[in-house]
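Both complexes below contain chain A, partnered by chain B and then by chain C.
And now, the complex of A and B:
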């Protein structure tokens, strides 16, 4: 199976016994796996950090975000995996600063729109509320 | 694959994402009054370095994003993808 995935021979229709509603997720997973190996130039950097500040005077992080780094198209991408948010830049600190700005913006936007959030964004907002407080 | 800024703009326009300028271009998809997905892109007109992250936020796989860029995947199909993933009912 693993060899099949790496060689790109497995097809969506051949997913073994997957319920219909899971197929999109499984396809997404396989696609991501292909992406790591061959389709994109995204390369994981073996250095994760815990982000404990947003450099935003309005907000304080009380539980840190796990951040993973990738190189993509020659840029550094910093990703807060739990909330599926990212930042990028020419170097680590630029990418991290961009991510911090994006998380702060996301927190404030989701707070404003909390009555209108769909399932996934409700989940994201819940995580943000657990990790961030207003000063 | 990479995605260019104008391709990103075309996709979010076709899917009728709402947008806001906050330094970056913020975009979010609404369905029946609920905000379902959101993404953003940096300013500029070149290739976007975050295509993996962008399509993750849009809940598309690589083939679906390609189809969206080629205009063979429209808003109706996008809604169906989100429905299959349980993001809308």
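And now, the complex of A and C:
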């Protein structure tokens, strides 16, 4: 549980909290992050779900997120496919809860930084805006 | 309910509450929900065991027809131990829907975390945890 939370937090700090002035830097960061993940051994679990909530009282999901699950180095990884966002945990529940927190934090951060986003993050924000509304 | 009305709604309901308790029952005269003995952990002396439990679920912002599933899952093994299926129709988005389920004794094979997952039209809405702790009291 603790490990799942720590991993999610690190990811959040690196993605939206990155120096947003330089688009190339952000892309480099994303490539590094996703590239690193894709290098590790990943086993897909036959469990795809539609996620209809974010465990965040400020936000409401109006269109569900498609979520896929993998086993990676003994951990469960939940991936929101449309936005390439990940949650980690020791089991399905923890990974999903971590992903819910990650998506909520990403939505809030991108809203705050909307004037400074590069092309990729703008695409992610557009998808999030289609799926999430503030209460 | 006609077949035409049974097209699953794409509107995602908001899960207001999921509460595990000993008894969840609606008062027949007032329709009010009564929840008795709310808990989120239990102490168990000997495994495996079983325990009757009830679940109260409150949903709002639902609009249309929903097939609901409540899955009782052992979190560590991700094994679904029990499942309750149902359906409901909501014609008023501003209204709330209360669902009370009194389960028969549910198996608790070992210590750890269990959860009741709430699904509507195959969308995951949320869950309630139950922590099962071995009791240290001995005879």
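For this structure, a couple of remarks:
Basically, the second predicted complex is superposed on the first by the 95 of 135 C-alpha atoms of A that agree within 3 Å, B and C clash if a C-alpha of one lies under 4 Å from a C-alpha of the other, contacts with A are read in each partner's own complex, and residues count from 1 in each chain.
Just so it is clear, a residue touches a chain if its C-beta (ideal position, glycine included) is under 8 Å from a C-beta of that chain, and two chains touch if they have at least 3 such contacts.
Bear in mind that the values here come from a model prediction, so they are computed numbers and not experimental data.
In the superposed model, A:102 makes contact with chain B only, not with chain C.
Judged by the touch definition given at the top, the superposed model places A:62 against chain C, while chain B stays out of reach. Considering which of chain B and chain C touches more of chain A, the answer is B. Contacts of A:116 after superposition: chain B is touched, whereas chain C is not reached. Judged by the touch definition given at the top, the superposed model places A:88 against chain B, while chain C stays out of reach. Chain B makes touch with chain A in their complex at residues 1-2, 22-24, 26, 30-31, 33-38, 40, 42, 47-53, 56-57, 59, 61-63, 81, 84-88. Partner chain C is touched in their complex by these residues of chain A: 49-53, 55, 60-64, 91-93, 96. Listed in rising order, the residues of chain A touching chain B in the complex are 20-21, 23-25, 27-28, 31-32, 34-35, 39-40, 42, 70, 72-75, 77, 79, 84, 86, 88, 98, 101-102, 105-106, 109, 113, 116-121. Interface residues of chain C facing chain A in the complex, by the touch rule stated above, are 10-15, 61, 73, 75-76, 78, 113, 115, 120, 122-127.
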